[in-house]
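There's a structure below that I have some questions on.
Naming follows writing order (A, B, C and D), and every chain is counted from residue 1.
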Amino acid sequence: MIDPAVRLALYRDMLRVRLIEEAVADRYHLDNEMRCPVHLSIGQEAVSAGVCLALRADDQIVTTHRGHAHYLSKGGDLNAMLCEFHGKAPGCCGGRGGSMHLFDSAAGVLMSAPIVASSIPVGVGAALGLKQAGSDGVAVVFLGDASVEEGVFHESANFAAIRKLPVIFVCENNLFSVYTPLDQRQPDRPLTDLASAHGLASLQVDGNDCEAVYNATARAVATARSGAGATFILADTYRWREHCGPYYDNDLGYRSVEEFERWRSRDPVDMQRRRLADGKLLEAAADEKLAAEIADEIDRAFDFALNAPFPDPRTAGDHVFA
Amino acid sequence: MIDPAVRLALYRDMLRVRLIEEAVADRYHLDNEMRCPVHLSIGQEAVSAGVCLALRADDQIVTTHRGHAHYLSKGGDLNAMLCEFHGKAPGCCGGRGGSMHLFDSAAGVLMSAPIVASSIPVGVGAALGLKQAGSDGVAVVFLGDASVEEGVFHESANFAAIRKLPVIFVCENNLFSVYTPLDQRQPDRPLTDLASAHGLASLQVDGNDCEAVYNATARAVATARSGAGATFILADTYRWREHCGPYYDNDLGYRSVEEFERWRSRDPVDMQRRRLADGKLLEAAADEKLAAEIADEIDRAFDFALNAPFPDPRTAGDHVFA
Amino acid sequence: MSSPDTADGQRLITGAEALREAMDQCMAADDRVFLMGEGAADPKGIFGTTSGLVETYGPDRVIEMPVAENGLTGIAIGAALMGRRPVMVHQRVDFALLALEQIFNNAAKAHYVTAGKHTVPLVIRMIIGRGWGQGPEHSQSLESVFAHFPGLKVVLPSTPRDAKGMLIAAIRDDNPVVMLEHRWTHYTTGDVPEELYEIPLSGPSHVRKGNDVTIVATSYMTYEARAAVDAMQAAGVSADLFDMRVLQPLDLGPVIESVRRTGRLIMADVGWKSFGAGAEIVASVVEQAFADMKAAPVRLGLPDHPTPSSRSLVPDFYPYSGDIVAATANITGAADRLGPVVAALAEARAQRPVDVPNPDFRGPF
Amino acid sequence: MSSPDTADGQRLITGAEALREAMDQCMAADDRVFLMGEGAADPKGIFGTTSGLVETYGPDRVIEMPVAENGLTGIAIGAALMGRRPVMVHQRVDFALLALEQIFNNAAKAHYVTAGKHTVPLVIRMIIGRGWGQGPEHSQSLESVFAHFPGLKVVLPSTPRDAKGMLIAAIRDDNPVVMLEHRWTHYTTGDVPEELYEIPLSGPSHVRKGNDVTIVATSYMTYEARAAVDAMQAAGVSADLFDMRVLQPLDLGPVIESVRRTGRLIMADVGWKSFGAGAEIVASVVEQAFADMKAAPVRLGLPDHPTPSSRSLVPDFYPYSGDIVAATANITGAADRLGPVVAALAEARAQRPVDVPNPDFRGPF
């Protein structure tokens, strides 16, 4: 049984990520000041929360184009993220990366990459680096269901297996690659078979249940820290909004409204809220206060970003070489 | 039970390949006229024979750096191969490719590639092409045990599975990638797990038993022709000589003499010879006659290659574009 | 190059529509032609360039790819070797970085290494991203990289008319053809014939005629160069402008002839300047026209750093018409007359956002 | 460039030994340094350049790779981001074609995109194949491709002394460094200091001093150029020769200064001429030294076709010293004096097999 404080923290984290991403969505076309692609994780928050809350600050994560939630749950700085979306100087990349290049060294967010599967080996390499340095830290690789179609996933998994690296692959299966459903891209077999074929331990969890994700991750982390090697966690979940951008896109017809509603009825934030309420761990007033605090934090962060300076154009050529 | 004529043909094919490759080895440094890398299949002849004799002439194969045996068993022209090794104009590539670029359109040898795993997707594409053209032909992809470490194998297997393509992956597991043993490169699990993870049927056979390989291939071919999709065949075997070049290299110490002798005692050519003799299908005299005929063919082919003209240097720039 | 800004009695469609039409007509005409791409059969149809095709030709000819660029390129090559005619599309050229081994080895060399016996009639369409903060890995260009490998044809259409005609020619060509489409050229409009027609895959198009300087541009830079040339015309400086729409095979004949006449060369690259396509063009022209040159050649192109996302960092990254006029001013000695032209272009540019192809564009991709 | 043909009192070792020694000393000095490669820990030790290291440093620091270039490159990058200092080796640069996405995106851009906060201290050694019928896919060169992507240092040592000093500098450098080693340079011998020393990763080395023509060569072509220069010297033509051993960052200062003096430039590329490194060098030099140039620049390099395997097809494929002298003859007007030099070099070449680095070489790889 998870510690009540952690159960609350999981809820708080998901709620915060949800509200931040909704604020990004709401404001995206309001004034068109976030001029970069955005890939929202709304609907998938249980994965980032469940995984990251089972990690230490010095553990490392790498993520993908859909990385805001991972960055935030791992402790990435909100101001730096929003400034990055706005192309501003205090952005985590100084405005050079946009939403697909988030990192926060202090929080252990090592990198995100916009090229599908490109950060997977980098995460495995982080695990190698940790191991070489004699640390008991672990690396987590967040990946989408499409990224196992890229060969580099397999190359990375194989190496993680043979070197027993302290790495955890967290595959968020949201059933789609952009608008293309899984069954058009992969055969009908459990995705975890891929892990076993590479000699990796694997776990499948309800990716909308933050506690299930947390428990699975805690197990995988213990395995990794003990030197027993890598685990592949498959988390089934669903993206609510369009692949890239702020809107809903069910009107495009690539998925059914029934499917969408089925998943939405299993809202990870709501599920945990009800669970906590049922367990008398969260009262309505406290919940409202939490939401208000978060809303306030978000408003301040957007104010910060909107008022932050742009990077000086004369610096555009800096830092090509160290 | 395999037809006696086929059993004899399997033997004949292996013997021929063996004698050709031994002749290449013997002559390689004799006069240093074959000035290109050579990767001999001596010890692995049961695979090429068993697979290719289960195919039709219009079925297609693709192979790797270690492709002489596949080329020959599928019916590739011997003169054209030896001329290619000698860099001569009548070579299958006009001397442009050397031993790692063999093909013979008439025989259905579509291509060989010196980059590990590079021909795998090409073979899958050949199957796609056959299917699109409405043919019931199949494509065979020969690959080494190391090539499943390359991501492109997985990308190719996945596509073959989802499109149910008429392709057969034949993995010759000779336990080594150059001098590196399998267990340094891959985890300890059945190699066929990789196939299942991609939703492919798989079969494992004794790769030194040409009849076992033949039977497995015949099954896979039937599946493919019927439209039921791809199969992965794992054939366990062993390379006798050095990775690249004419000599033995056990002196390097990367493998044990015991291991080598264990495999050599299971010589695929000998095994089939004894089997045929036991079954009264091959008498010593007939066997000797066969060997003599083949030796004669080989002598003539080397004569042809040695006497063939070099390509005209002025043609070196031709055929960059069609 | 047909002029996309003419109108009456013409058939004005966008670059994206032109590409879609070419594909549709080629698939109707030849059932060996098929399409593969991530998004090829999805509701957005690769920026509209493949929309509706899956409905007409079905999922066996409009293949929605798994996300596996290297493998699928090899698969396309295999099918091409068997006589099929695949067209593969990548929404960003950057994704094709994963497929270069297949492209450079199996596609580019099969014909050569078989002494002409094999052909790989494969087209790979790749989109060069720009704008809306795409950042460093969705905005590379890479034409000089593709052009370095013998055996690949490399084309960069800039107008809708060229896009259609060159795609048709590419599909009918027996060689592997790499087609780089600057994303902003998808949004341009131009007069496009309805029928199947080819624009040959050789030589530059001669966009403007003039005598004072020769300007060579690739892809989208043709638009900036044209704006520059037209603005200079009014100030009495006339430029010969070539759209170097085919980089391989490289036919510099018309450019060299022009430089012999004008004595001056300005090269405007769509990609990075260093080790870029313009380096080859400038080096080759100088090797052959040195004696007639009156001034040092000038190259414009992206400076030696990755593409930053923030729109505040890109104004000096992407050269524009004003830079071309300024370069002309420098080497022709017409600084007096051209100074005001530069000022006017700079002024006009300051009014427009730098990160969108047109004022209505709103991302997010 | 130290002169590999001097002898007395010097420490003569091969290029391969120099590389091994550099690696050994760096691993001894800094335990963050580790090696990865297919064959890195095998009995042949990547042409001897890694021999014995696994015995000294163990399999955790000398990592025998699975055959998975792209993934392992990403893994090396991840370790580098964590402060380790990986050195990866490919027996042929062609194998790295599979890893270009990782190299061009994650390695080259991490420092830039993080505004300087991340560094990727990664070295990738890659061998350029030549000879013994390797054929088209084991013989490519690609330096211009790597040099096109900002953020990568690109170096091509040609002497044993440079090989050691530049590998040490590369390992200590905080940037990703791509090191291209022409296979034949592994067989050359030269004076190599025993201690740890660095050859800075910037600028060309000035191999010969002269006044009549400036010759710039990359990698192995430095040897051909040196032979040409020394032969011309006897005929009274003096050449300034630069080994352009660093392509990124590109420092052409000394070359431009030289061309201003000689008025003439010959570029000898180790790779394909078209869209090759020499294109950038020639274009840049001409842009800056045009006014002082007396003749059109000349480029030598591999012609626009893949490498054929047959030794009968390569004599015109690989330029040699005689071609450099012939080019000098053309642009200096010293044809009378240089004609016999060309003839002598051609004669000498006809005596040697074209497909081996030295007469004892016997393949098979």
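The rule is short, and it goes like this: contacts are C-beta pairs under 8 Å (C-beta built on N, C-alpha and C of every residue); 3 or more make two chains touch, one makes a residue touch a chain.
Here the structure is a predicted model, which is why all the values come from computation and not from measurement.
Ranking every chain by how far its Cα centroid lies from the centroid of chain B, the top place goes to A.
Distance between chain centres (mean CA atoms), chain B to chain C: 43 Å. Note on chain placement: the centre of chain C and the centre of chain D lie 32 Å apart, centres being C-alpha means.
The distance from the centre of chain B to the centre of chain D, with each centre set as the mean of the Cα atoms, comes to 36 Å. Counting partner chains per residue, chain C shows two or more touched chains at residues 66, 68, 70-71, 94, 97-98, 101, 105, 112-113, 135-137, 150-151, 304-306.
Shared interface positions of chain A, defined as residues touching 2 or more other chains, are 93-94, 96-97, 101, 113, 115, 149-152, 154-155, 158, 162, 184-186, 320. Because contacts link each chain to all the remaining chains, their graph is best described as complete. Interface of chain D with chain B (complex): residues 38-39, 41-44, 64-71, 94-95, 97-98, 132-138, 303-306, 308-317, 355, 362-365. By the touch criterion stated above, chain A contacts chain B in their complex at residues 149-155, 158, 161-162, 184-189, 193-194, 196-200.
By the touch rule above, chain C contacts chain B in their complex via residues 32, 34, 60, 66, 68, 70-84, 101-102, 105-106, 110-119, 150-151, 153, 173-175, 249. Here chain B touches chain C in the complex through residues 60, 62, 92-94, 96-97, 101, 103, 105, 110-111, 113, 115, 118-130, 132-133, 139, 151-152, 154-156, 158-159, 162, 318-322, going by the rule given at the top. Residue ranges on chain C touching chain D, taken from their complex, read 70, 94, 97-98, 100-101, 104-105, 108-109, 112-113, 135-137, 140, 142, 144-145, 147-151, 250, 272, 274-280, 282-284, 286-288, 290-291, 293, 295-299, 304-306.
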